[in-house]
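Both complexes shown next keep chain A, but they swap its partner, so chain B is in the first and chain C is in the second.
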Partner chain A sequence: MSLSRATPGRLGGGAPREADLPLRQSWRARWREWGPGYMLVAPAVVLILLMMLYPVLQTLYFSVSRVQLPSFRTTFVGLDNFARILSSPDTLPLAQRTLVWVAGIVVFRISLGLAAALVFNARVPGTVWLRALVILPWTIPSVVGANLWRWIFQTDSGVLNQSLRAWGLESWALNWLGSPDTAMLAVIVAYGWAGFPFVMLLILARLQGVPQELYEAARIDGANAWQLFRYITLPSLKSVLVVALILEIVSGLNSFDTLVIMTGGGPAKATQIWGLEIYKTGFGAFNLGVASALSVLMFIAVLVVFVFYGAASRAAQRQRREGLA
Partner chain B sequence: MDGVMQWPRRHVLGGMLAAGAVAASGGRLAAQGKKPSGTVTIWVGSWWAPQVPLTQKLWQADYPDVQLAFEPLPINGYLDKFSTAALGGTPPDIIDVDTTWVSTVAAKGLLQPLDDVAAKLDVSDISKAVWNAGRFKGVQYAIPARGGPEVYYYNKTVFDKAGVPYPQAGWTHDDLVAIARKLTIKGEQYGMGVPADLSDPSNVLSFFCPILWYFGGDFLTPDEKAPAINTPEAVKAITYWSDFYVKYGAAPEGTPNFSTTRDLMPLFEANKVGLISSSSNTFDALLQKPNVKWGAVLAPDKINRAGGWTMGVPVGAKNPDGAKLFLAWLARPEIQAQVMNRFPASLKARKLPPWNEPKWQIFVEAEPDARSVPSVAGWFEMQTAILTNLQKVLVKQMTPQQAADASAAEMKRIIADNA
Partner chain C sequence: MSLAADAPAGRLRAAVDPPRRRTLRQLLRVWGHRLLIWTLAFAFVAFSLLPLAWGVSTALKTKEAVYAFPPVWIPSPATLENFAAVFANPALFSSFLNTLVIALATTAIALVVGVLGAYGFSRYRFPGRDTLLWSLLFTKLFPRVVVIVPFFVTLRWLDLMNTYPGLVLVYLMAIFPVAIWMLKGFFDNIPIEIEEAAIMDGCSLPQLLWLVVIPISRPALAAVAMYSFIIAWNEFLFALVFTNGLSRRPLSVALAFFIDENGIRWGELMAASIVMSLPALVVFSIAQKMLVRGLSEGAVKG
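Right, the complex of A and B next:
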């Protein structure tokens, strides 16, 4: 309706028709209301866009180029870098390992975070100090945490295997970081441990906003503990769980230091994931073209995740508004 | 138009170009006869840390106008840190690099040629193996400070527990296997520490290279234009190397993820590993552990890898004149003898205290038998490919022949990429 009113007058360049006036007044009114605000945030928006767009554009350009160092002289090679990646027999296993890693991280962190949040939400007396203690893994620098876990999982003299052997569980004392069968699990535990407190805090904050009246009413109706969880707690957490899920997927895709310190991607590439491959290709082999192509492929994957994140955020906002109403 | 264009790297490497401008002005200063000044930032391995105050004190006495800012860094990920900083345009003025890295970073143009510094030095005074490792395509890119012939360290407690005589000079690779097997008491102690972790590739090579060379194999053909890692001799070497773990179980269980510094040294010190192959780095570290009973012996069949560390000036260094002044200063035998806490590269420094003490003579004896890894473009990528495939042999994903063939295929690609 607005288009049919506005277009003829503007294209014609003549005097505004009477029908256009309310719209123009509307724009003026909007500008008066929002214009100063837009002008104030414009420098920051431009800066952020430049900071975000420039590296992305440069990576895109490098991904279709051969890059010579140290001059960063580029030669256009079309899709050669992508063809090389996609035709490599190492790419499919790399993608599979990355998926396993991300799925493992998500499951581990969300399960542990949810369990911890439920425990602390029960408000058991004397657990306030425990809550502070549980947050500790999140506060420890990742380099320290990774070295700590490397020491714990060390096969021959690590704390875990020494303890298992002392308890007579010799067969459980595995070659955690030295075997491709267990190395991925070990690094997932280490990385999951470092990040689960964040998920716990997210969930706990939401849990504490769930009206207690809902539980009281359900109990009067005869609901048991599982039913309370299934029909009240879990639906209340839906939005925050989706947000946590997406954030953890991104975190998993971007993870780097824990893997480098604990295994360096080994043994035999068993823990080499996409992000680590980008780094090794770029800064080990100094092949910035292929590294950029790998980055573009990962960027596309992350973009897909963010589309879901946007939808989840909107759903969460809507739910919060409805809750307030 | 040939499709080649210059990316506006001013935006990317503004800092690097600014540094280049500073470098250019420094060069002009030198040409005008003015003394270098300012601060020289030096990235070194963590073992340098105790020597920093003494080095700064001696330097200040000679050059009070130039400050030295040392940044000791851990060995794991050391090269990654440097390459990241260099490509980002914020390198130090001097980088201390392992001999196996020089050709890779020089080939990528990350180091400045140092022929002007080399021309002022008495090259005959510097360990030949380490000096040559600092050269790439006939140009000197790094000045050696630390020599690095490899020797074998044995833990006397482990030997005594197994009732095995200590190894003697003149022992062979057959002896090494026999001793490692005899020393092994599964779950309690292991005969041989076999490093295989990619985070510290130089120490993996320290054990693997002499075995490769002993069996008559090599990484590349003599003209360095094709891989030779899948020759029958090289495959025999890979088999011998991996059998310590795969066949005899004479290496610790965690071997595929073990590095010398992070894992094998602690196990050696805890009397869990009987033998490790390493440089003077380990010698000094063990001197600090009076509770560990140990000895050192020349490598079996007297073949060893020439390790060592050399110092280069990165492209984009902010104070190249000060950096070159420091390199020339550190090459002086009397200075090197005092400030180094690892076996010095200067032959004259080795005749000065404390390096003329009998305990260090084993490295003097090892030096003539030391060989270097190839100094070719893309070497670091090649060694990563080889070591990854060696790991696959350890975890039984590949046979030695398959690992050799896979390594050769990757090396062929890397050679073509860098041609």
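Right, the complex of A and C next:
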């Protein structure tokens, strides 16, 4: 820290350090010290302004406006857009479906990812190259994965139903993507499949840092496999599991490709989640005001997750520091 | 330390004692454990690979064989006619070119912005630096669906709808924060002394970047380039919202709506999907090594 703090002075070609400068230093001296830094980060700053600050302000502004297309003339309407969303009978089911979707994704990906990480961390010969194969679903483009599962779940010709029929389980061959009862389950399986290897890699990286001596000591004390997992493995995974949880919640809220391609939000809106509603309101119905209000609401949800993430990571750090002390 | 000391002793003991000394019970336990792990590992492999295998199998089948009952996993006769049809399809070919142009341009710009920004954040202290770093992190977690409306307005206003520059601009949003973070982590680990020596020799800042920093950071730059390329290659939402018609449509959107008057030709769709997946597969298999090397080698190499 101190090393790099001293750098600007040195890199600035002998400009005096911050502390040495008189209180009313000249602009020239300041520029010599800070100028190169600002110039270097300028493109990034432009992108931040354009890609984060401006969109936020624009969305906030549109959310309290009625936007006329194609001129984009706006009329201030106060909280009308929000009132319309909150009073709509469709909103509660929409929020519930979004919750089911996010919870389904999180449970599916983290439980499979954790199980796979434990299996591939067992250091049994011959499992290293199997691990490389398990990662494949995570590497293919999401569009490809979604189309693949759409093909597998086809009612008449999909391999799932054809196999079930071939095995004499005719009654199990359901209209997976076409029936509101099973569509959500089907898309969760497809999206979970594409993402669990990432969780596995996250957890594996952490597991390999757990000192083996802990396990040996516990085994000598007569601990069984479950106790080893419960009292050594799980506590050391706490922080990485929180990270995985947050990332998967954001990923679930953010997901779009898989749902649009596999079901388009149907049947009968059974897989329509918040993000799809924004897209359809904005670019199907071209109601940019309501779409922006929906965006603001979702944005608040993500902000809550972000704050929670900050608190959780700080708690994890504190825990680690106390553990070391 | 203790492990290193124990290992030779253990090997010595194993050499002296015949391996038969292991009791049957111990053997059973070791092999029982292995069998359990292998079974579970194979179950995970099956779950990961069977869908992919079915896609590959479909791509290699004739039109009639695709719908055979009961399902056939190994196509006989295997055919490349689906791949031939994909390569002969002018709309798919132009979308392939679109994706290539956009992904390459996005990668190039992300590298430039990334190197400059990361170097600035890593080596300089200036007011507002922490705020900017937090904003970067936040931009990374920013949900994309939330920004499609304002981006749509911006692109309309800049008259960049359905153009390469417009698409590159919006793709950058998903990429440049990560590029800066990855490179900043790398630069933080490069010893400052090399740069100081270069300054003593009279290097200007652009020369310093071009002649010293960039050559040292090659592994990290490669990792960032690959990451950017793949994200841009796979991007779907922005591509869907900010293009219309065929002229600028990337491959991801083309595959998502791969339907003609006869319905979906699954064989061709799967063949095109394999073609689209290849760059990602290649890059992932190289980039994993690159990432590790980029992170571990950087500090020592100078």
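Please note the rule applied: the second predicted complex is superposed on the first by the 266 of 325 C-alpha atoms of A that agree within 3 Å, B and C clash if a C-alpha of one lies under 4 Å from a C-alpha of the other, contacts with A are read in each partner's own complex, and residues count from 1 in each chain.
Keep this in mind: contacts are C-beta pairs under 8 Å (C-beta built on N, C-alpha and C of every residue); 3 or more make two chains touch, one makes a residue touch a chain.
Model, not experiment: these values are computed from the prediction.
Engineer: Let me test your reading of the model: by the given contact rule, A:Val260 touches which partner, first (chain B), second (chain C), both or neither?
Structural biologist: Both chain B and chain C are touched by A:Val260.
Engineer: Please indicate which partner A:Phe286 is in contact with in the superposed arrangement: first for chain B, second for chain C, both, or neither.
Structural biologist: first
Engineer: Tell me which partner A:Trp226 touches in the superposition: chain B (first), chain C (second), both or neither.
Structural biologist: So A:Trp226 meets neither chain B nor chain C here.
Engineer: Based on the superposed arrangement, let me know which partner A:Tyr54 touches: chain B (first), chain C (second), both, or neither?
Structural biologist: In the superposition, A:Tyr54 contacts both chain B and chain C.
Engineer: State whether A:Lys269 touches chain B only (first), chain C only (second), both chains, or neither.
Structural biologist: first
Engineer: On the superposed three-chain arrangement, identify whether chain B or chain C touches more chain A residues.
Structural biologist: The partner with more contacted residues on chain A is C.
Engineer: Per the definitions at the top, what is the overlap between the chain A residues touching chain B and those touching chain C?
Structural biologist: Shared contact residues on chain A (touching chain B in one complex, chain C in the other): 54, 58, 72, 157, 260-261, 279, 283.
Engineer: For chain C, which residues count as touching chain A in their complex?
Structural biologist: Interface residues on chain C, with respect to chain A: 33-34, 37-38, 40-42, 44-45, 47-49, 51-52, 54-55, 58, 66-67, 69-71, 112-113, 116-117, 119-127, 129, 132, 135-136, 138-139, 141-154, 156, 169, 172-173, 176, 180, 188, 192, 195-196, 199, 205, 233-234, 236-237, 240-241, 252, 255-256, 258, 266, 269-270, 273, 276-277, 280-281, 284.
Engineer: Can you tell me which positions in chain B touch chain A when the two form their complex?
Structural biologist: 3-7, 9, 11-13, 16, 76-77, 80, 83-84, 86-87, 104, 108-110, 190, 196-199, 252-258, 262-263, 266-267, 270, 272, 315-316, 378, 380-381, 384, 388, 391-392, 394-395, 397, 414, 417
Engineer: Help me check something: in the complex, which residues belonging to chain A touch chain B?
Structural biologist: Touch residues, chain A against chain B: 54, 58, 61, 65, 67, 69-76, 150, 154-157, 175, 177-180, 183, 260-261, 263-270, 279-280, 283-287.
Engineer: Give the list of chain A residues in touch with chain C in this complex.
Structural biologist: Residue list for chain A touching chain C: 3-5, 7-8, 10-11, 13, 18, 33-34, 36-45, 47-48, 50-55, 58-59, 62, 72, 112, 115-116, 119-120, 122, 124-127, 130-131, 133-137, 139-144, 146-149, 151-152, 157, 159, 162-163, 165-166, 193, 197, 250, 253-254, 256-257, 260-261, 275, 278-279, 282-283, 288, 291-292, 295, 298-299, 302, 306.
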